[in-house]
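Dropping the structures in below, format is structure tokens.
Paired with chain B in one complex and with chain C in the other, chain A is shared by the two complexes that follow.
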Partner chain A sequence: MRLEPVAQPGLARQIGFPALALLATLGVGMILAAIAGADPFAVLGQIVIGAVGSRLALLETLNRATPLIFTGLAIAVAFRAKLWNIGAEAQLYAGAIVTVALGTGVLGGPVVLPISALAAMLAGALVLLGPVLLKVRLGVDEVVTTLLFNFIMALFVSYLLEGPMKDPMGMGWPKSPALIPEARLPRMAEGLRLHWGFGLALISAVGVWVIQTRTTLGFEMRAVGANLRAARFAGMPVTSVLIKTALLSGGLAALAGWAQVAGVKGHLSADLSPGFGYTGIIVAMLALLHPLGVVVSALFVAGVFVGADAMSRAAGVPTYIADMLLAAALLFMVLALALTRVRVVRG
Partner chain B sequence: MIEILLSASFWAAVLRIASPLIFATMGALICERAGVLNLGIEGIMVIGAFVGWMAVYLGLPLWGGVAVAFAAGAAIGLLHGILVVPFGLSQHVVGLGITLLATATAYFAYRLALPQVTTPPKIEPFQPWEVPLLSDLPLVGQALFAQTPLTYAAFACAGLVAFVLYRTPLGLALRAVGENPAAVEAQGVSVTGLRLGAVMVGSGLMAVGGSFLTLSAFSSFFFEMVNGRGWVCIALVVFGAWRPGKAVLGALLFAGFDALQIRLQQTPVGAVVPYQLFLMLPYVLSILALVVMSRRAQVPAALMVPYAKGER
Partner chain C sequence: MSFGQDGAEGVLRLEGITKRFGALVANDGISLTLHRGEVLALLGENGAGKTTLMNILFGHYVADQGSVSVFGQPLPPGQPKAALAAGVGMVHQHFTLAEQMSVLDNITLGTQSLWRLGLGQGAARARVAQLSRDFGLAVDPMARVADLSVGERQRVEILKALYRDARILILDEPTAVLTPQEAEALFQTLRLATARGLSVIFISHKLHEVMGHSDTCVVLRHGRVVGQVATRDTDRARLAAMMVGGDLAEASVAPGVAGPVRLSLRGVQAGPLRDVTLDLRGGQITGLAGVSGNGQAALADLIGGMRAPERGEMRIEGQAVTAWTPRAALAAGVGRIPEDRHKTGTVGDFSLAENAVLETYASRFARGGFVDWAAVRRHTEALISGYDVRCPGPEARIRLLSGGNMQKLILGRVLEEAPGILIANQPVRGLDVGAIAYVHAQLVAARDAGAAVLLISEDLDEVMGLSDEIHVISEGRLSPGFARGSLGPAQIGLWMAGQGFSDGGADAA
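So, the complex of A and B:
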């Protein structure tokens, strides 16, 4: 038995295999539920109801999707250019730190929000710039350096929360002082528990899509990702394209931190992100790195998390079922994509 | 500073901290020498830590726990291997997916097995075994020869990996498959089989590295206990220029800094400098190591290049 490439996969293959991947993920979920001693159909039902079954649940899902859209976009942009940015978590915290630094009284009035957003993006971009410069100048693999930056940043945040950014009124909790009201993101509608970060995330997705499909930079990013040598041979400024990609990617990841601080928490704490930077990888891959697809997959992933939390409270199945399902979905999906392009032949 | 470096307890700690890194680095090295980057390492270490601990908690002997951890790691390695070797999927994406899956599986299983525990239950971990005569040597004796058996095993494992890699036909084939798989196939050896085997054994060793944490270093399983050690090991392979001996030196150096930072925290320096800075040192050091070594290192030529029979 061996694998043979399929030159032009038909529509059946292109839809069939990803659909199978989703079914397989559902199957895994049901098996896990059964292992946990719960009724598989009830567990799946509770996850769906917990995610979208009520106005409150739906809003929670949209809120949870907001940082995931940003980190998903950050990773989609980078991976498209084959820049392996696994450090979205660190860039997210860089954005969060800057948001708190600027939003606790240094600036006032209506300029706080736009300035803190831009400064956060800059901070996130700078955090990714280091590893990318090491990659393009010295050939240091960016996977490990960006990963290690996540740990360095987590310690830096811990230092800030126990030192310079410690809330004197925090009653011993390691958290920063609260943002001033002008630095908080307003809600998208009166009485609606959904902040403008979600709207901006949608706008960013469209923005990234425009950049990727309608600009020279977008073309160059895709060319560098598709074939670095060919891009260089064609006279493209590969180094500069990679650096611009990094700035965009780091900036987008930082906006996740900005939105979480300014829209949800109102202060910086070490548990600001339960791994949004890592989950962004799943979001981006499930979206096949398409910026508009990122919105859909972020909603799906957020729904699974929110739904699993609700299900766990009711059915007693550990919430980590959500992480397992999503990791399984990621692996099934990459496998499905590969299977659309190859067939197994005998001989 | 000098007193720290001259104490036996410091050097004993260095060997102890280096042990899980040595296991996992050897595992990563075997995979990469065969041409497969295994970013599943972090999750595989978590699984190894959990499964090894759970097996002993359920009544297996300590070495049984190590064996179970190896088997679990090899099983995950098989999954990783199937996805990236015959199917040729992106090694980055699959590796990260495996890490997420393995970590979540360990946490899920832990919560399932022990739903309502506030303090994690303990097992009786490996006890130090003093090598007769050698452990009586002044200074060196207590530093090097009063370790747990798993630490001696780590060094033996590194020696074995080096021996197999450089002194056996299997090692030659393994190195060749990471450099020029077509040439290996021409010899009638299956590239797919060799790579799958390498990833399984390598992943098994990573899991044993993880199990060191629960069976030797600590006596319980905690969430986040692996804490980036897997990624550090990926850096150590580069630092060691894909050679077992140099990689062990790298692990010792890394462990030395780790042991030093813990002790420096208790000195007058530690009273002034925030402790987070000390904790950052190992990660910063790993990045520096990558920067220094990546220019000179001989990367296996076929690393991350999928192989399909008959394609050029």
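So, the complex of A and C:
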């Protein structure tokens, strides 16, 4: 048995293998459910119903997808240029901190939201700028630096919540004071539990898609990622492209923090993000780094989380099944992509 | 080891070998027979199926149909070990040596049982020395491979095969990396081998080698044997015609009309380049001959903007250059055909259209930061038809194109900008004969349009056939320029080997 490359995978391969990956993921889910002592079909059904089975469930899924779209876009933009930003979590918190700093009374009126959004993006961009400068100037591996920034930022947030940003009325809880009403994101429609962060996430996805496919900067980002040597030979300003990529990526990740604070929580706490920065990597990879695909995969991932929550309450199977399902989905998808490009031959 | 009955059987017999990769038929019913003491040259353009065939023979690939037999015994498919045991030795184009080990260790590696390691060294050494003498393969068995020249490493590879009792030697483009003198020594070795009853298959692009050193020529085209002839019954023109399927006129290029100096280097130091002085004139092709790795890449990088002069002076159209980058070079009218079209010249996953504007997207096809893709598409379509690029269309991924068509697109991308200076670094490497003729014609046309062309090539025939003036590069030093026809291949070979340079590093030239 050996593997041979397939020069031009046909449509059957391109659709067939990802479909098999999805089936395999469902299979793993059913086995896990069976191990947990529940009826596998019922568990899967309840996940689907819990994710999209009612208006409330659907809205919850959309809300949950919002930060994932932002972090997924941040990762997709960076990875496309082969800039390995593993630090979306840190950039998210940087955005959240700035949103709270500006949204608790320093500014007032209708300017608060746009200013806090821009300032959050700037903060996230700056958090990623350091590691990228180290990369382009000294060749320091950005995987390590961006990853470690997540821990630095988590500790910094703890410090803020125990010190300068601690809510004096918080009964000792480590959380910040609440945003003023003008700093909160309005709902997209009256009576709809969906804030405008979701709309902005969709607009951002289209924006990133336009940048990547229509602009000279996007062309440069893709070329730098696809063949650094050729990009350099063609005269592209590689260093400046990488820095601009970092600013865009960090800014997008920070918008996830901004949207969570201004749209959902209304304050900063250490549990603002249950790993949206890391899950963004899964979202981006499942979307094959396509900005519009990020929206679809973020909805899928959010649906699995929300559905698993509901299922857990009904069937008593732990919500960890969601993490395991996503991990399985990612592994099978990566495998499926590899298999579309090779065939197994005997001999 | 049986010494093989010859006759119609031959020592090696391929029968009806067919190998498909998806829709591509790499080998289509190939049969050939190698006789005892014979040198068989396997000829064919790139992609004709030569390497696939040798990989099947050596067990790296499994054929879909057909069989291989060695000394009358069928060879089990897909087992390099079986091929080795049957007496087939292969010298790959890219050597497979452990650099940090000695020559002797490399030769004996894998032939000794583990518990005997360290023993039998004396016997092995004596055997290697004997083989060295018998086959004219001078190399110090105690030297570290990393310290050896390319020619010496190749000798180690051949010794490795002989040490394993190879009776059939297969060499994949063995002279691609050698000086003319080293190549001559290699063929001397092959003659000694055949005199001892060994048989040889060598793969080559170079017609003069095939004519000079083989008994039989087998020509492949599109995976099929299109001709098998005794070398003495044929000539270069007929072999070339078989390779491309048409009669090729012998290249004859009229000399150019020398114009003004467009680029000048004076005592330039840059990386491996030492005090390089060079004038490139418009209307002229300046050829750079030399064995690969002697500073050609650095010179191409220097003129192309990838490398700035560390010392000395570089002028373009009389203006001294400062802040030298690829973009500055492009703006100064330097057109670049890079050595490696896959790694440097193109982005494989990009479309033809995207690759066509890789250098000009910002200067010619952008409005307010947006790329005008409609204009890019029109431009690409014009390139495709103007430069005869065979492809499914401007949106096709360039990775899917053959080397020749990829090179034509690069050629079009560069020539459409009407460069004053054109650097062509190995412009025809790996191309088939038809594409080679096309690229050469385009270079001459650019020259006649007034461009100063620098042609860098390891193929001496190419340099001598096209250049109005020839420089030889050796260890970063540049020879004086020689007018067309004033130097023979033997003299150029001596310059390549480093003779004739006034060493001592004069600061000014």
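Just so it is clear, the second predicted complex is superposed on the first by the 346 of 347 C-alpha atoms of A that agree within 3 Å, B and C clash if a C-alpha of one lies under 4 Å from a C-alpha of the other, contacts with A are read in each partner's own complex, and residues count from 1 in each chain.
Here is the rule we go by: a contact is a pair of C-beta atoms (placed from the backbone, for glycine too) under 8 Å apart; a residue touches a chain by one contact, two chains touch by 3 or more.
Everything numeric here is computed off the predicted structure, so don't read it as measured data.
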Would you mind checking whether chain B and chain C clash or fit side by side on chain A after the superposition?
fit
Given the touch rule stated above, what does A:A226 touch, chain B (first), chain C (second), both, or neither?
second
Of the partners chain B and chain C, which touch A:L331 in the superposed model: first, second, both, neither?
first
Give one of first, second, both or neither to describe whether A:V345 is in contact with chain B, with chain C, with both, or with none.
second
Given the touch rule stated above, what does A:T216 touch, chain B (first), chain C (second), both, or neither?
second
Comparing chain C with chain B, which touches more residues belonging to chain A?
B
Examine A:L107 and indicate which partner it touches, taking first as chain B and second as chain C; both and neither are also allowed.
neither
Value for angle(chain B, chain A, chain C) over C-alpha centres, in degrees, nearest 10, is 70
Is A:G235 in contact with chain B, with chain C, with both, or with neither (first, second, both, neither)?
second
Looking at chain B versus chain C in the superposed three-chain picture, what is their shortest Cα distance in Å?
5
Of all the chain A residues, which ones make contact with chain B and with chain C?
2
Please give the residue numbers of chain C that touch chain A in the complex, ascending.
21-24, 62, 77-78, 304-306, 325-327, 329-330, 336, 338, 343-350, 354, 358-359, 361-362, 366, 369-371, 373, 400
Residues of chain A touching chain C in the complex
2, 4, 6-8, 214-217, 219, 222-223, 226-227, 229-235, 237, 345, 347
Chain B partner, complex, touching residues on chain A are 2-3, 32, 35-36, 84, 86, 134, 138-141, 143-145, 147-152, 155-156, 158-159, 162-163, 278, 281-282, 285, 316, 318, 320-321, 323-324, 326-328, 330-331, 334-335, 338-339, 342
Using the touch definition from the top, list the residues of chain B that touch chain A in their complex.
39, 83, 86-90, 92-94, 96-98, 100-101, 103-105, 107-108, 111-112, 115, 227-228, 231-232, 234-235, 238, 274, 276-277, 279-280, 283-284, 286-287, 290-291, 294-295, 308-309
